[in-house]
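There are two complexes below, and they share subunit A, which is joined by subunit B in the first and by subunit C in the second.
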Partner chain A sequence: MGPLVVNGIISENTNLLLAFIIGIGFGFVLESSGFSSSRKLAGVFYGYDMVVLKVFFTAAITAMLGMLFLSLFGWLDLDLVYVNPTYLSSAIIGGVVMGAGFIIGGFCPGTSFAGASIGKIDAMVFIGGLFIGVIIFSEGYPLWDNLYMAAFKGSPKLSESLGLSDGLAALGIILAAIGMFYVAEWAEKKFPREEY
Partner chain B sequence: MEKELKDRSRRYLNPYLGGVLLGLVLIAANYIAGRGLGASGAVKSVVVAANKVIAPAHLEKNAFYAESIKQHPNPLKNWLVFEMTGVLVGGFLSGSLWGRLKLKVEHSPKITSRKRLIMAGTGGVLFGFGSQLGRGCTSGSALSGMAVLSLGGFITMAAIFGTAFALAYFFRKNWI
Partner chain C sequence: MQARVILSISIVGLGLIIAAVPQNTTHPYKLTVSQLLEEAKGRQQFFSPDELADKLINKDPSVQLIDVRDQDDFEKFSLPGAINIPLTDLLNDKWKDILDQDVKMNIFYSNGSIEANEAWMITRQLGYNNLFVLEGGLNYWVETIMNPQKPASTAPNEELARYDFRQAAGSALGGGGAIQLAAPADQGRGAKPALIKKPGKKKASGGC
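Right after this comes the complex of A and B.
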């Protein structure tokens, strides 16, 4: 039963080897979906190319549903899967800073590595920026450690906070995603661009 | 031939198929390692590792580094570092398959390469900072968080995309 490493079925070193292989899959899908191009990525914010929204939400609902099924079959213990903790203030303010970085820089960290891997110099410069940003945060940590730790809520699930079962919350998210796919297809027709 | 090569380099996977494949990779990560995908954490690990070599005394004094080194005594022997090394390999493989390997600065014809690089660097600094404050980026916090129904994942996702949409108008010349 998964997760394999948590249940001691594979060793920590095997886990790292598999991390490398998972990374190859991750990078391959990002690049072949066009996430190595900042102009394709930025398209989502202007409607001319909605690939980010389509790939991102399809991936999220596929993984969400897949894991619920694996858990149902008794193949994956969801209680042992890491659920990101929620620190309300830093989640929001960190997200706002990242959103600004996204529209200005045209990449996010994962996609910038995909871009750099095929020779995009702008992606390499973005990665250089990432290092500087991480160093600024770490070196200045005493200035924002209060914000970083504020409004800790544990590791709640969306379903718990809404008082729904996991399955019902997932259904709602899937319906919302389908709605967004319709908007995405409409936007690409409404704001087309030939070359970019 | 030239034309054919260019056309091939502009061909991408169907986005819904790409999404399903990405979802399967994310399931594999959770099934094997009990955690989702990530990206910015690997950058942090490299920064911590470099500090450990250059300034070990400094590392102990900084609460953020100290906490990180406590959790991962060997910062480079880290799941995300291996995964992101794989991303470089996987991206390169896909790029070579589609004929997209090329050193270039990609930018809108309305701006210069120089301006694009300044914007890319600035965006990177912001994203690097924000990813540490927000405990993960689009991959680790938003995508992987949403897949396990983490409330924080949904909040970070909404904040990232909401802000980028809100600011899109002011930066439109860089893109359209």
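Right after this comes the complex of A and C.
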């Protein structure tokens, strides 16, 4: 039957509609898991609330399993799926900057909009900061052009780097994620916090 | 049993299945129809006879000529260094290593350019790279390189230079242009064709 989208079994427009529905589902899960609270996000850092870790890792392994099974049935060509290219140094520096912003602001870009949409003022301030950051980055782009483009690694997959098949790597990630979930729940009991 | 235990077990179960089954490595289609149309419209695949002659004279090792006519025709006449992959036999597994590679420029040719173009479209659709078509095929090759027409003496210099080049190339490649001319075989032509790259995919942004 071939890739569903490429062969027109799912049309371009239906594809967009599905993306819209999946996006709303994702937003719904974010909001209903309490992600619009900045304390919830900061909780990952302090160890009293690991919901963020659990939700995002669940999303990752669900998507991973879904894509592998779709590929197995021949409904999806994994080679056609866009993989963000890796620029190692900017990934590390950007990760540190974003992580710091996460702890200080208590939001990540997506959840700040979720928070702002239900009227949280700290989320709106966070969005303001986000735009200041965007302006500084884009206006000063020539300054960090070299750094931004340094250590280009292409679009490597974890399975390729480890020399495993996609399925084996997926199993490893699932086991690691479930291990992490149990460690996270242990941490929640270890560093409890009342009333947040 | 707790819900989380059931959930953990079922996810690990799915993981075990996906780890145990062989990976699906068949890729029925690599290019979308509209991408292919875009490339065909851009005529990026065409390789002019002059460029090819230049490369053949310089014995450019990156050129791999592929004759898509049938075997009889191939044996009667073929371009130097060409291999014969008849169009009807194109999808045979034994040609896969030659067609699906990233090192050489595969240039298809036939009598005209229709069959070569068909071969190009099929192999492009399979997702192979570095594929070209000899513009106008052998007919145009014979017309331009083997028996070039002398332009009028009032023609622009470029045309006269091109004629000299074709004469020299024709005789070097065993054509009918009998008169030996010591014309330099370069006129800045034969600029390397840009290797066809897949059109950049749309950037998707992820994250939370």
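Following the convention adopted for this analysis, the second predicted complex is superposed on the first by the 173 of 196 C-alpha atoms of A that agree within 3 Å, B and C clash if a C-alpha of one lies under 4 Å from a C-alpha of the other, contacts with A are read in each partner's own complex, and residues count from 1 in each chain.
In this section, a residue touches a chain if its C-beta (ideal position, glycine included) is under 8 Å from a C-beta of that chain, and two chains touch if they have at least 3 such contacts.
A quick note: this is a predicted structure, and the numbers were derived from the prediction, not measured.
Peer 1: Is A:Phe45 touching anything from subunit B or subunit C once the two structures are fitted on A? First, second, both or neither.
Peer 2: The first partner, subunit B, only.
Peer 1: Now for A:Ser71: first (subunit B), second (subunit C), both, or neither, which partner does it touch?
Peer 2: second
Peer 1: Just to be sure I read the superposition right, which of the two partners does A:Gly110 touch: subunit B = first, subunit C = second, or both, or neither?
Peer 2: Touch status of A:Gly110: both partners.
Peer 1: Just checking: does A:Ser165 make contact with subunit B only, subunit C only, both, or neither of them? Give me first, second, both or neither.
Peer 2: A:Ser165 sits against subunit C, while subunit B stays out of touch.
Peer 1: More residues of subunit A are touched by which chain, subunit B or subunit C?
Peer 2: Looking at subunit A, the partner in contact with more of its residues is B.
Peer 1: According to the stated criteria, A:Ile174 is in contact with first (subunit B), second (subunit C), both, or neither; which is it?
Peer 2: So A:Ile174 only meets subunit C here.
Peer 1: Contact-wise, after the overlay, does A:Gly129 reach subunit B, subunit C, both or neither (first, second, both, neither)?
Peer 2: First partner only, subunit B.
Peer 1: With both complexes overlaid on chain A, does A:Lys120 touch subunit B (first), subunit C (second), both or neither?
Peer 2: In the superposition, A:Lys120 touches subunit B alone.
Peer 1: Which subunit A residues contact subunit B in one complex and subunit C in the other?
Peer 2: Shared contact residues on subunit A: 2-3, 6, 30, 56, 61, 80, 82, 84, 108-111, 166, 170, 181.
Peer 1: Please name which positions on subunit A make contact with subunit C in the complex.
Peer 2: 2-3, 6-7, 30, 56, 61, 65, 68-69, 71-74, 77, 79-80, 82, 84, 108-111, 165-168, 170-171, 174-175, 178, 181
Peer 1: In their shared complex, at which residues does subunit B touch subunit A?
Peer 2: On the subunit B side, the touching residues are 12-13, 15-16, 18-37, 39-40, 43-44, 46-47, 62-65, 77, 79-80, 82-95, 97-98, 100-108, 116-117, 119-168, 171-172, 174-176.
Peer 1: Quick one: which bits of subunit C touch subunit A in the complex? Just the residue numbers, please.
Peer 2: 4, 8, 11-12, 14-16, 18-21, 23-24, 26-30, 32, 127, 201-204, 206-208
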